[in-house]
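The chains carry the letters A, B, C, D and E, assigned in the order they are written, with residues numbered from 1 in each.
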């Protein structure tokens, strides 16, 4: 059964028509990847799901409940965690404070989830009392993911997690995301095709605010033509 | 505009209008000096009145002790300007590295200390009551003084305009947007902020001197926070970062004040015209953050864009 | 401009400058109300004196010297007024003084108190019907000072407070009292107890206070139990708004400049009656009487010159002129044109149906008693 | 060969956390040196030390044989150390042209003149346009910097840096957040700069393909320490580098261009 | 000795009163990073409405509650219409709340006229105790008690609940906090109303202190509160408390021993603190520069 379903979503930013009828669905327990070039509307899609940029028409259903049109904090409380493109770090809060905050309105077993995250990202434990603004880029990314997972484990929306990470970090992140998959469903936006194709189950490709292609990830790897056309990969 | 102002005394013989305009010119200089800080450098000072006051007191005290000659005016002016430059330099050196609101409060504190000084140094200032003094005859004559202030506005406007268009002015604008980056380009932001605050201080001091001369009287009011607030209102309403906006703002505020208080004579509700000014100020801040000048700029820009689009459209259809 | 008015020989115009908005607006409004009544009184309702029609024009100075100058210039130039009256604040008044000289028009100062108006900033066109700080101080001293009395003083740390205490000290010491402690406090302060403490330590017989404006220390004086420790408080009983804040000074002896029940003369009776009639039963206040006095002085002078507006004639008429006012007889002293006038030694008492302490007359301090030193150096 | 920049025992710590430890770096004139290292290794911090944003707790920095350790950011920029930032860092409300002109103004030592000089103005204008061409920003002269697309902002950063005419360029992840299609363009700009011999470039980058393609020398920073430095092909074979930084992924590569 | 005790008690009590005023400001600044100049306006409204309600009803409790209620209502209007549009922009906050300040204090005159009004106290708070030279004013003791209780309540609120954390995070990234399921807008409004309530309470309690209230006191006390908050270190509750006590006690001793300097005391304190330790006594490192 699909956990998240977008139905013909239309979103405007200012006077620009950014999403022009986006439909997609995310199966429970899977990793779904959203590809697309700079400015295609990937981030906007995630933001529309979260209610930051509410769509003007179309629906978002989560767990068969309609969540389009309600405010962000209520959407989040349904169990959706979000890792924004810019990481959204609370720079003056320490790692500890940030994660405590994530627990405040958490769905599910917050303590357990926290422990699991700290196992997954030991760096966070190491810098427990450090201001998050002072963490390095990769550490921030881990914190953002941990925060999202602790806050809501039904569905994670992750926007370009590999940005700025070292190869080994990317690898670790892949492993972590794969591990997280056992406990949660993930919708991932990614530029790093290599990484995404390794872990994704299903994919969508966006261009100019529309879904232009979708399918199983295995199929995409072999589909050189599509790769070339939309992703600039030979 | 300038021409109209030049001819004004010939077409209108109302003295009080002349005085009102003179007053507006003086405050226009003051508001422009404030704009150099707020609009061009992004520095909020709540103590700008101190330079106004220093200029005013220097001139007044000179005239109180020496004869009312033009030469002495120049001396008073020079003393005021030197003092202001010195004070703004020292304060800036000590505090410009603070964040905006801290700087604002610190300047407020220092300006209040000047108020206390003026209150306490009675031998020189006669305290809160103040004193009257006489000024050279050219300044006494309303019409000639009108032209002197008009000329001053024009000259100060021109000088400040050149200043903001200069390399230094450009760097100031850059610093107000991204100080960190400007430093990495090789600009020492403290130097520039100091230049801006000294320039502003000097111009404010000049307007203060003119103010004292226009009244032939001075008291500690020149150091009151209301004076700073006036500059703030004028700059904000006229539009920050555009010297012309500051001039317009001075005009708007003074005229509004004048007419609202006139209205209060017949309609007592207008006795509370300060509320109207406050509301206007809020509306401008919320609705037109770039003030009147910014608003006009936007409209003309929009029109240009429209015209351009139209042109493009015509080209494509053709 | 000017010629319009001068062509109209039959009208005499008076420009009244007052604070109608801003912190002193009640003062200004009282002056204006009083001035209007005074004109009616002096001209017996005809607004005509010596065959000439009298008009007056009110302008709001907003308690800002620059506005005052502008308004005064407008009055002098555009309205062509023959007299200026005003204004509520000393600053505004001082700023306008040179204009009177420049335009050679008489200015009747009311109610600004600064000594320098009839002191170093004085010019011969200036006449003052209001009392000055020194008169207050002399009256204050007369009310309490005598041989071997120990007095402490407390005032706002500004020109008004300092000037008032300096004059008081001079007067009090002349009467044989000693000043044992002088305290000055930031007028904006929240807490005056430290100053009061310091006064208590000196154990004076009297505490003399000069205070104008809102943030008055009365409450804290009472809290510190001055009276219980044998220190009597004395200060000016000012306008009714201030009296309303002086609840805790009930029983105090001090002096008053004007309270409607203090003077006993027909001018005052008329004022009280007419004021009540006109303003819905309200009693006239401190500066209502002042405004009336200013009007009377001008009309009387005009009557004496037989309507002649020539300024030198008016000046010489007004010097040493005596005239009836709600406060009894006044006289413009020739040297500095300060109106010598009675002030009142009073105690504050509670009265049925009155929402403020009422100054009750102990004795009238006549104009010779309250005569201040001449300070204009002429 | 002469070194343009050297560091001696450079160290910095924040609180008890040592971020850079005794780094001795020698950067030869005219080369392109890449710094790689795990996230949090201290690469950006090292840049901050070199350009003066932070002061070291220990050690010295020599630029062209002068000790510049105590100089402020602007003074180092004037001497010839220029840098770009990991997160885009421009003047958002100035136009592209004005952004670049500010850099030119600085490089032509026009710091404090308080009246406009028209001749200088037009000369600077022309110069700015040349840099725009170089960085493929043509046609965007009068666009406000904040309205640029992300990739264009990165190009603007480069243009400003070039216009500053410093001999040493510190580039902090110039391709961060840029989509795969746009990377070649940035790469081309850097290659062009490299061809002009007067620049020495230090590059921080995680995209290994790019690093291998561009670098003369590779430096590995790990936990604030210099782990290795030398020929890229050799460094990359180093076992420690493999385990600490590269992991398994680098073997499969992303094609560029 | 008596003098010392008197000065100390009065100074402490004045200090705590200033603290009430500064607490609201520091709360709003520390948590929401909003510089609210209109705080003084709320304060003066609290003072006038408190005095007025007491006069009408003769109930001190009602006066306090009413003043706080009115303060909160005005605070709501301020937050909704003035502050919400400018969250995150210090300069505009400073400027716009200044406008709010002008309007609030001038509008006092519409309701209560331009004159100062007298403020009364219930009988049980009137008067003072005296033991040989030591004079303790009852109302000051009351203020000390209220001040301490409020300090404790605020401290508990901030340290024992996550509200403080949530709001600080909200200031840094509002959207992200919402994405954590936290109703940020509601929280901001809550904190602002709390600040407004404190301002109004401060006003209502200060009014009987000197016995008179007047419209111009808004600006005066807004500046005082700012001074205290800056001296203490922006946003630090403890800092504000400490700074308030310093200003109160130093004011008392200065007025007694060096009266000539007392006019300049607060400004001098501010200038010195800013120059020596720009972040204030207990401010966080690096936040001022």
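Please note the rule applied: a contact is a pair of C-beta atoms (placed from the backbone, for glycine too) under 8 Å apart; a residue touches a chain by one contact, two chains touch by 3 or more.
As the structure is a prediction and not an experimental result, all values here were calculated from the model.
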Co-neighbours of subunit E and subunit A - touch as defined: none
Shared interface partners, meaning chains that touch subunit B and subunit C: E
Farthest chain relative to subunit A (centres taken as mean CA coordinates): C
Centre-of-Cα separation between subunit B and subunit A, whole angstrom: 52
Chain centre separation in whole Å, for subunit E relative to subunit D (CA means): 49
Between subunit C and subunit E, centroid-to-centroid distance (C-alpha), Å: 37
Distance from the mean Cα position of subunit D to that of subunit B, given in whole angstrom: 43
Residues of subunit C whose C-beta touches two or more other chains: 25, 157
Sequence positions of subunit E contacting 2 or more other chains: 263
Per-residue multi-chain contacts in subunit A, two or more chains: none
Interchain contacts, given as pairs of chains that touch: A-D, A-E, B-C, B-D, B-E, C-E
Touching residues (chain side subunit E, partner subunit A) in the complex: 162, 165-166, 168-169, 172-173, 175-184
Touch list for subunit C against partner subunit B, complex: 1, 20-21, 25, 58, 60, 62, 64-67, 69-71, 73-74, 77-78, 90-91, 94-95, 97-98, 102, 114, 116, 120-121, 157-160, 162-163
Complex contacts: residues of subunit E adjacent to subunit C: 3, 6-7, 10-11, 14, 17-18, 114-118, 120, 127-128, 130, 135, 137, 139-140, 206, 208-212, 214, 216-217, 220, 224, 248, 251-256, 259, 262-263
Residues of subunit C touching subunit E in the complex: 23, 25-26, 157, 183-186, 188-195, 197-198, 200-201, 214-220, 223-225, 228, 241-242, 244-245, 247-248
Residues of subunit B defined as touching subunit E within the complex: 42, 44, 94-95, 97-102, 104-106, 108-110, 112-113, 116, 119-120, 225, 229, 232, 236, 272, 274-275, 277-279, 281-282, 285-286, 289
